[in-house]
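Both of the next two complexes hold chain A, though its partner changes from chain B to chain C.
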Partner chain A sequence: MTLLQVSNLSVDFFTTRQIVHAVRDVSLAVAAGERVGLVGESGSGKTTTALALMRMLKPPGRIVAGSARIGDLDLVGLKGPAIRAARLKTISYIPQGAMNSLSPVLRVREQMLDGLADHGIRLSAREAKARVDDALAGVGLAASVADLFPHQLSGGMKQRVCIAIAMMLDPKIIIADEPTSALDVISQRQVIQTLHMAQKRIGCGMVIIGHDMGLMAQATDRIIVMKDGRIVEDAPTRRLFAAPQHAYSAELIESVPTLGSRPSRPSGERPAAGAPFLELTGVSKTFGGGLLGGDSKQALAPIDLRIDAERPRVIAVVGQSGSGKTTLARIMLGLEPPSEGQFRYRGQDVSQLSVPERARFRREVQAIFQDPYASFNPFYRVDHALLMPLLHLGAAGSRTEAREAMEAACRDVGLNPREVLGRFPHELSGGQRQRLMIARALALKPRLIVADEPVSMVDASLRMTILNNLRALRQEHAISVVYITHDLATAYQVSDEVIVLYDGRLVEAGAPERVIEKPQHAYTRALVSAIPWPDPDRNWPLVEPDRASWNQPAVVQPGATCLG
Partner chain B sequence: MTTARVETRGSQQAQRGPAWLGETLGYLRRNPSMIVGGLLLLTLVLFTGLGRLIVDTNAASPLSAPPAQPPGPDVPLGSDPQGRDILSVMILGTWLTVRTGLVAGALGVAVGSAIGLYAGYVGGRRDKAITWVVDVLLTVPAILLLVMIAAVVQTELTSLGMALIIAALAWRRPARQVRSQMLVIRNAGYIEMARLSGLGPLRIIFGEIVPNLLPFLISSFVTAVSAAILAGVGLEAMGLGPQNEPTLGMTIFWIMELSAFLRGMWWWIVPPLAILVVLFVGLYLVNAGLDELANPRLRRRA
Partner chain C sequence: MLVLIGRRIVMVVAVVWAAATLNFFIPRIAPKNPIAEKLTQLAGTSGVDPTKIQEMSQAFGARFGLDQPLLTQYLRYIGDMARFDFGQSITKYPARVSDLIGEALPWTLGLMITTTLLAFLIGTLLGAAAGWYRNSKLLSVVSPIIMVFSAIPFYLLGLVLIYIFASRLGWFPVSGGYGLTSVPEWSWDFAVEVLQHATLPALSILIASVGTWAIGMRGMMVTVQGEDYMTFAEAKGLKPSRLFYRYGMRNALLPQVTALALYFGQIVTGAVLVEIVFAYPGLGSLLLDSIKLFDFPTIYGIVFILTLTVALSMLLVDLLYPLLDPRARVGR
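Here is the complex of A and B:
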């Protein structure tokens, strides 16, 4: 039975310079109890479609054609108060980044009852309490959560509160826009399972918007792939993964790493001689504290690590936000001094390097950051970012030499120097910017590159290209890479070694075949079982994680970079 | 946000080509108040600039014209009871008043930015100390301090001295604002990248951060200039200005002192008021037009 029938929907943005056709001629149907995934990269029109259905498009956006029917109701034709009446009751929306959609000054209970009051439902205090308790139970939260403020909840809990709010009036259709972005894999799985449970309970149709094909495989019955505002494929999930019809769908599916598909790599490793390239001995970091610093927080517990330049490897450092992985990266880059312990570069304490030695350290240890847009100064053309280190760190003798090195590095990462150089950062795509950042590091001929979440802000279809660039660093240029990520699937795919951090502590370290295929530590097991692999047939049960067991001692395999 | 990306992508296509001229024209088209304000200020500049070439500004001193004359062939805008030629007073006074504003505004923004940049960049205890001092000073009413300082040094005061007195307080707001802008930019990825590229603190501040603050500094400067002119005129109207220079504020002081209203000397009252109105409206409009440039949230990209 078709619940939602969208026909030939088109949305245009009438900007001052031109008309942008954000959504073109989109037709889709959602049946009761069905979960439909809407997939595409940023700018493909998936959120715009959802906002158009909710009648929440902001000017200059406007629906220019089409209809969207739920039963007898045409959402596109609604006017004024009728739109508000339809929202939440007929169709409801869980916005992107729902964790920021809760008002910080109201208790959860008040925010949940807001929608009821707006739809003219008057309840006695007792009835209201029962209703809120029910709704919270429906998303697996305790009734006591109703009396808390949003800042007292974790990200996953806030997301579940938003789901509960969206379901308060048993809508016929729920649209969830990237419901798990910014959540770690364990909370991500809980949220998706919660959505499923709640949907089963009220029997509505559901549209899940996302870009992660792995997650979609586990979460949906049918997937609609969008590109440039058009639907390019609409197929049952199982069939889409088995035999994608459109080239773009195939590209999206291929970009997701799968278990067991790791390319084999050479294992010929020479033993290291002399002082190691980088050595961390009992390095830890504590923020705050002291006389005026307030509460102190240990971001990184003492850790030992040793990287040899003669033995280039890709080392993935995995952990959720707050696990200390970024702190570790900043210490290795010399941006943050360790609170305790010693950080040595070629046998010398990094804090005591002389000026020329420091320049050499900077040349040999470089970085790629998470946000490729923020990494470029918007005031300058992109050349500035690439030339700066070459000139200031003494890697190039003259400007011409620097320019040649820059162009060679661009070609090394598969960019045409004539196409990308001389542009302003906003003129380039996220993928191009991130590859330029790799080129920037590469031009210095470093021995180690620390890449902090280099693909998390890049469209899914470009991720593999960039990760392959990183792999090429090791294979073709003998550069070690420390790949910081929360994404175990890509860590598994690109690394020679995985280090798992939890709450600032080392949890497990070793080869990815061991750590990810046969995890020993309880935390790693929880992480690995929560990875959404692109396998629609996989059983992905909801298990409430047993957090207490995560405190067991670290498991370190012999031969690991990390020494426990 | 998906929709926003679509819009910027569209505009990126259009932005290629000879960027600066097209962008400036587009900016003016979106912010017509800038054009009106600019024209008003240009009128004043021409008035005082050309006027000084054509009219003898020595006639702005007392006893250089027959006293208290209405406009006539000898004195085009009339004269005041002490025998100053009003036209000369206006030409010279506009220049003196605007110069006071420019000097005080420039000094205030320069000193304030330097303090703000320093505090924002070093952070930590030094930042806390500087911010604390600025915050305390910000609560002190400026006019109170200005009256005290001006009253002490009054006898030998020139209009440039006035500018220095006003500048002594004009740095507070820019310092606070530049510091907070600095805190935002300091954490940007490209600053970390610059550190990793071996740049020292000075190069980072002036090469990487200041260029991005320029729109903000320009707007800050216009605000500081109009605030300085206002403070200057206010002090002078109270009689605390340079006694021997015919600034606009001193003219207003003499108008009140010598009962121009009672004597119906409209030719003496109207010109300084008209010039001040044109000056402030012009500065306000220019600043309103700069708002989009200085405030990234208002920047319309599409």
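Here is the complex of A and C:
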């Protein structure tokens, strides 16, 4: 039975300069109990379609044609208060950004009940409590969660609260916009399972917006692929993966990294001579405490790690948010002094480097950050970001020399210097910016690049290109890379060694073939089993992880250089 | 929690002590002798023999303890401050500084606290509305006018108000805290008189500061509208009024409250010029007189009271803020 029937929906944005056709002639249907995936790159019109159905488009965006029927109701034709009445009751929307979808200053209970109150539902205190308890139980949360504030919940719990809220009035259609972005694989699987469970209970139709084809394979019955505001393919999930009709669908499916087939690579190892390039000995970090601070928290338990300039490697650091990955990166970049232990650069304690030595350290250890949109100063042309370090860290003698180094670095990451240089950051795509960031680091001829989630904000189709850029750093330029991520599949693809962190501790280290294909530690096993496979026939195991077992001692596989 | 409050109170004491210490040493860097200043002034007006000034100033120096070594003076000063004993005024000798401050403080606090809270309330509401209804015709006219007024210093605004409403129209008295012939007392008539006198100074401060609050709130409101929780709240089908107050304003208010706390610290200093323009009998006028004549005890007393007000209002905000923002609560 078709619940939602969208016909020829078009949305235009009337900007001062031109009319942008954000959604063009979109027709789709969602049946009761069906799960439809809406995939495509950023800017393809997925979220705009959802907002149009919710009638939440902000000016200058406007629905210019089409209809969207749920039963007798045409969402596009609604006017005034009827629009508000349809939200939550007929169609629910869970926006992107699970971390911030709840107001930080109101208790969960109030945010669950105010929607009911504004739909004219009067409840006694006891009835209200029963409704809230029920809704929370429906997403597998304890009743006590209602009395908490959002900051007291984990990202996965917040998203489950949002699902509970969206389900409170048993809507016909639920749209979940990137419901698991910013969540680690374990929470991601829980959230998707919660969505399925809740949907089964109320029998609604569901639209899941996303760009991760692995997740889509596991979470949907049918997939609609969008590109430039149009639907390019609409097929059952199984058929789409087996035989994609449109080239773009095929490209999306191929861009998902999988386990089992790793590109072979030359070992090219030479014995290390002299002092290691970087050496961490028993390095740990504790935040807080002290005279005026509050409670102290150990962000990173003592860890040993060494990187040799003669033996470049790609080391992947994986773990959930809060596992200490970023703390480790900040210590290695010299941005954060370790609380305990020794951090040496070419045999010398980093805290005691002289000024010229420190400049050399800064030049030889480079960073690439998560958000390519925030990595550039929007007021300067991108050349500025590339030239400054070249000129100030003594990597280039003259401006001409610096310019040549900059252009060579652009070519090394596969960008045409003529196309990208001399432009402002907002004129370039996220992928181009992130590759420019790699070029910036590369131009300085560093020995180590620390990349913190370098592809998590880049469209799926560009991810592998950027990761291959990182691999090339090691193979062609003999640069070591510390690749920080929560995505095990990409870690498996690009690294020579994987380090798994949990709650600030090292739990497993070793070659990716061992750590990810044959994990020994219970936590690593939980992570690996939670990876969504881009194969609808391969089931996501539905077992609840046994968290107690994650506290077992660290497993250091043969050949690992990192010690907890 | 108690440990936290205890720690905050220790901080307040430390801040007040540090400020009091600076307060003691800074005026002493100025190469002026307050007693000689006062005597010279007297010599001009009432015919004291200028040649005797040296001698007299030494006698007075001994009287006020200014001939002691600096450290002795400092220790005695700290002890006195702790007991709120600021000694006697040099310029209004033998009046006690604590009495002078006691007389002036209620005028300043009454005027400034009322106007500040009122300006905060009006400005915040206005700014919230301006940030929310960005297409409103009315607000697009009102907002710029208010912004322009906020750019005019309030003493200048005060002069304009005096000219129009006191001098030309005669609706309000020109200056003072109460009529020249009345004596302060607890009566209806006197209260009306005080209100009449306070209207123009209050109005000048109000008009000039509403815009500042409005600008801050407008910016925050626009930021908050871009937050994910606003999108979700809208998707829940909430009423516009609930979106505006409970979700929008409630979140946008947090930085405003911090700003208010900081602003309270400047209340008295901010009042100085207004009090001068309107000859208002407050702390600002008293401070200005004392600085002009290097009346150390009065300056110390006032600055000490100011420091204490700032530190206490910060303490108050520190303790109240967690009620507004659950994220600032300690532990769970």
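Heads up, the rule we're going with is that the second predicted complex is superposed on the first by the 558 of 564 C-alpha atoms of A that agree within 3 Å, B and C clash if a C-alpha of one lies under 4 Å from a C-alpha of the other, contacts with A are read in each partner's own complex, and residues count from 1 in each chain.
One rule holds in what follows: a residue touches a chain if its C-beta (ideal position, glycine included) is under 8 Å from a C-beta of that chain, and two chains touch if they have at least 3 such contacts.
It should be emphasised that the depicted structure is a prediction, and the values quoted were computed from it without experimental measurement.
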item	value
Overlay on chain A: chain C relative to chain B, clash or fit	clash
Partner chain(s) touched by A:His119 [first = chain B, second = chain C, both, neither]	second
Touching partner for A:Gln96 - first (chain B), second (chain C), both, neither	both
Touched partner set for A:Gly288, first chain B, second chain C, both or neither	neither
Touched partner set for A:Ser375, first chain B, second chain C, both or neither	first
Superposition-derived comparison: chain B or chain C, residues of chain A touched	B
Touched partner set for A:Gly71, first chain B, second chain C, both or neither	neither
Partner chain(s) touched by A:Pro553 [first = chain B, second = chain C, both, neither]	neither
Contacts on chain A seen with chain B and repeated with chain C across the two complexes	96
Of all residues in chain C, those that touch chain A in their complex	7, 227-229, 231-239, 242, 246-247, 250-251, 254, 324-327, 330-332
Interfacial residue positions of chain A with respect to chain B in the complex	13, 15-18, 20, 22, 42-48, 51, 57-58, 60-61, 96, 333, 335, 359, 362, 366-367, 369-371, 373-380, 385, 388-389, 392-393, 426-427, 440
Touching residues on chain B, where the partner in the complex is chain A	1-3, 5-16, 188-190, 192-199, 208, 211-212, 300, 302
In the complex with chain C, residue positions of chain A that touch it	54, 56, 84-89, 92-97, 99-106, 114-115, 118-119, 149, 151-152, 162, 165-166, 292, 294-295
